[in-house]
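First chain A sits with chain B, and in the next complex the same chain sits with chain C.
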Partner chain A sequence: MEWYEYVLKRLLLFVPTLFGVSVFVFYLVHLVPGSPAVAMLGVRATEERVQEIERELGLHEPLPVQYVDWFSGVLVGNLGQSYSFNGPVAPILADRFFVSLELVLLTLLVSLSVSIPLGIVAALNKNSAVDYFSMGVGITGVSVPTFFSGVVFIAIFAVGLSWFPVSGYVAPTEDLVENLRHMVLPTLTMTLVAVAVAMRMMRSSMIETLGEEYIRFLKAKGLRSRSILFGHALKNSFIPVITVIGLQFGYMLSGAVVVEQIFAIPGLGRTVLQAVLQRDYPLVQGSVLLLALWFSAVNLGTDLIISYLDPRIMEEEA
Partner chain B sequence: MATEIETQQTTGRDESQLRQFAESFLENKLAVFGLFLILSIGVITLFAPQIAPYEPRTQNYDAILEGPSAEHLFGTDNLGRDIFSRVLYGYQTVMTITLGGVMMAFVLGTSIGLTAGYRGGWTDQAMMRAVDVLMAFPSLILALALISALGPSKWGVLLVLGVAYTPIFARVARSEAVSLREEQFVKSLEVRGASQSRIVFRHILPNAVGPLIVTITLQFAFGILTTATLSFLGVGVQPPDPSLGRMLTEGKDYLATAWWYSIFPGLAIMIPVIGFNTIGDGLRDTFDPRQVNR
Partner chain C sequence: MTSPRLSVRDLQVTYTTKHDEVNAVDRVSFDVQNDEIFGIVGESGCGKSTLASTILRLLDDNGEITGGEIRYGDWDLAAMSEGELAKQIRGREISMVFQDPNTSLDPVYTIGRQLIETIRQHLDVSKQEARKRAIQSLADVGIPSPEDRLDDYPHQFSGGMRQRVVIAIALSCDPGLLIADEPTTGLDVSIQAQILDLLEDINANHDTSIILITHDLGVVAEVCDRVGVMYAGNLVEVSPVDVVYDDPKHPYTEDLLRSIPETHEMKSELTVIKGTPPDLREPPSGCRYHPRCTKVCSDACETGDIPQEYREDGSVVRCYLYDPAENPEYEGSAKVDEGQRDGQLESPERGDQL
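Let's turn to the complex of A and B:
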């Protein structure tokens, strides 16, 4: 299979997935027991107001009609009205997307620059102190609840040492230094998990690569270990790391909900949570849809990059 | 990824293989440590009412926010309740939910995956596209979306875990079924006219058991974390059910004055998660020695 064929195939498969995602998100409102309008407004709402909301949501129409109405709105960026924010959903999400994007990118930057070297060193010195240390970091990182590490970091670095603010957010356009100061603890909290996942992957893929036939051949040929490492092994063990970036995105977007909530950062994750707590269904639908789209687009992107770098993957999947 | 040992036999394993497996697992000290943690937590969960020195809901206004002492091992909270006792009962809640959720996902996901992988063709396509849809959501976002519809409750969380983890079991089971379907013993069963469900559940399932057990163990770790996270966020276990996650939410307001209020519940959540993660890693190495520490 040629690469462009593979890309085409994956893009074609992406269409039914997106369709399924949109149906799922649309149908969420209809899973609500009783009327979603009553759920949103509370039991003391007047009959008039309930009917008004039901009309607004188009709940009296047959389901397929409702879906088409809703989805054609989504396609032109009309995600409905948020009741808790008293305004259209789309612009709210647009603002918040960039806040979360900054958090995710900072986390990715820090976690990769820690986990890649640590993973390599651990793989090269298997069963050494460094290796055990990295294994410890790995197990701890995936076992500490994000909310717990966040709370502990606040206790130490914000309440105890007062190095960083306890919570809050400053836009980077307003004051970049303050923005970064507010981002340190949230990033650190997210990084803990991200490092653990990436480092374990880096370590195991490096060990696997070093054990392969061609590396032993290069050694037998008398090539220096440094040039084997940097010239050959590293390139091939980076492929799983790209997979990890895709994988981490899921953890990061899930983690963002918790971290943004603890540190009061107005990102997408906090928006989903608030929408759920307020039973603001149009906002739930919009933010869940955007997060799913973001996540699956990144996954698709990383898969395509990997298949370009390592064509064998296309054959395995076929 | 079936090892030779697994594919040699259609059902069951003989004793020597089991012993070999146990020996190889027990060599992994970290995994044995994890097993020890989980067994201890299991005992604590089962006997919480007998072990707990206080009733978890009893408030005592003479002992508000007291530090750890012989009387109150983990101190007391803002209502004078004994944190140690509440942690023990919290384990009951989180373990019940996680056990239920993971088992639901295991049954659903494995059935879907084995059927899809064995039958192939359109069945496979349709089932796996449905799985793809669920996989398109980051797990916590999927959980929140479902909770927004179902409403926050203990059973809501159980159901959410069941749905959210189904795709993972489906993928693992499918890849096992796809490789086993071509094996000689399956072919000969087909020739002898064995029914499809018999082949799938009596012959393919036992041979796929290794990777599935690894998945169960690791999903248990995730499940505990997710349950606690949802409760922390206020959309999981609701009062008066004791919950480790919610104790942290309540305790974080007292960080500067009463650190024990949030630190002990936080550490308590970590213990079973570390346990399941190390067991999962150990089992994976034992079942498939080629994939070291993946």
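Let's turn to the complex of A and C:
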């Protein structure tokens, strides 16, 4: 099987996945107890008023009918009307998505440029001071919860030193420099957690690879350590790390909710939280669908990258 | 007489663990002649693979050469720098093939790339030239339609073919010496024979000497010219292959041959050597084989530091049986030696059956 055939196959398989995800998301959201009508009107609303609103929103219909209504809209890009924002869901989500995406991409960029080299250095100097140091950094990073480290960063770098703004968000289209200044502390907070996982994975994968027989054979062929490391060991040891990075990348978008809350960033995670609290079904459905799609797409991307790097993967699938 | 291709003298290798030092190769000396296939046999853990790795200085981090020299041409491999070894020796003058072809190749690159990178590492040739050479190397080891297979990945080859690819890489720069460390152990029996034929063919048609490390005496009998027998880090006997089978000198060699099961004899029990190989952290004093030896001839066997090797019929033996000072029965002639052994052999015509 050629690589493009594999890609095509995986893309085709993606279609039923999307459908399955949409059904799951829809029913999951409707399992959440509480009615949007009650959330809108308050607990003292009369039964008639609640029913009236529910009829207005189409909530009196059976669930499958509601699903078909909703999904036929989704197919043409109409995710419905948000109750709490009083506007169409799609553009709201699009805005939030790109805000979160920027945060996640920046975090990924910073954390990988720290964790990958650190993991390699730690592997090459197994059980040395560098190794223990990087392990210490990693464990600290992953152990400190973001709601704490975020606040500490604000106290030091925003309130104390005034290097960066305390919170808020400026769109990059408005002012790129300000945008980045606002992103520094949230990115740092998220990076702290992300670094450890990728670094430890890179370290152990590199150690395992360097113990492989083919590394010895490469040495026996007369290759220099540098060519062995960068020409062979790196690619081989990076493949399992990609899976981990993919999972992190997928998870971070929704996992950013705490950080978005601390730094008052109008991202997707924060929107989902608000939407759930308001029982804003269309918005919850839309954003959960978006997150699920994002996760599936990142997973697909990860698999495609891995299959490109490791020819054995396609063989196993065939 | 021309000088040997490889000459190992008094080689000592020590592994250092947290608590112990393990003397895995102890004062080993041997020569590999031009164009010969030299076998090294021994049980697992006897130090034969360590010895093989030491020649190319591919020891694990905790192993080091603690004495002796390894002469190849004008070089002493034991004293060369890593950089010089990579440039002059590894893959260029001396190549190595490992036991398991499934793990010897980098799985994420085509075999063409792995061949060409070796060629371009050592020879100053263009990419096209290297590619041509790579195809030739594959053809030399009997890979059908080598041109098409160059862009295949290792997992697309069968085990036997993969070992051929490994051998092709090892031979791509026409080395003077090929070290094959149990090259057939991981393969089916039918494929084993093909790979051994290939090694003989390489030895005959290229100017390449071969060191064949194996635990299989049958393999040695089939392809080797001379053989060294290792026991507990010592090379106890080096003999021409027919001498080893017909008239083994060292008691260990003898016991080892006796322990080969014979397929035409229905015996209820296999003949085994009594006892177990020693723990090399605390090797026995004197001759390392003396606790299991049936021919202990002198106190020196238990306490002496066997310094010299005794020559006998073109063999080199590390045993006091061949020292007139320690063994009064020994008269320096092969005849006495014969008589001594006959009484103890279970099947005198054993050599013919191998």
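Rule of thumb we're sticking to: the second predicted complex is superposed on the first by the 269 of 318 C-alpha atoms of A that agree within 3 Å, B and C clash if a C-alpha of one lies under 4 Å from a C-alpha of the other, contacts with A are read in each partner's own complex, and residues count from 1 in each chain.
Just so it is clear, a contact is a pair of C-beta atoms (placed from the backbone, for glycine too) under 8 Å apart; a residue touches a chain by one contact, two chains touch by 3 or more.
Bear in mind the structure is a predicted one, so any value in this text is a computation, not a measurement.
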Partner chain(s) touched by A:257 [first = chain B, second = chain C, both, neither]: first
Partner with the higher number of touched chain A residues, chain C or chain B: B
First (chain B), second (chain C), both or neither touched by A:179: neither
Partner chain(s) touched by A:239 [first = chain B, second = chain C, both, neither]: second
Touched partner set for A:78, first chain B, second chain C, both or neither: neither
First (chain B), second (chain C), both or neither touched by A:218: second
Contacts of A:51 with chain B and chain C, given as first, second, both or neither: neither
Residue ranges of chain A touching chain C (in the complex, touch as defined): 212-214, 216-225, 227, 231-232, 235-236, 239, 309-312, 315
Residue ranges of chain B in contact with chain A within the complex: 30, 129-130, 132-133, 136-141, 144-151, 221, 225, 228-229, 232-235, 245, 248, 252, 255-256, 259, 262-263, 266, 269-270, 273-274, 277-278, 281, 291-294
Contact set on chain A toward chain B in their complex: 13, 16-18, 20-21, 24-25, 28-29, 31-33, 135, 139-140, 142-148, 151-152, 154-155, 159, 200-201, 203-204, 207-208, 249-251, 253-255, 257-258, 261-262, 272-273, 275-277, 279, 281, 284, 288, 291-292, 295-296
Chain C to chain A touching residues, read off their complex: 56, 58, 82-83, 85-87, 89-92, 95-96, 98, 100, 103-109, 117-118, 121-122, 153, 155-156, 166, 169-170
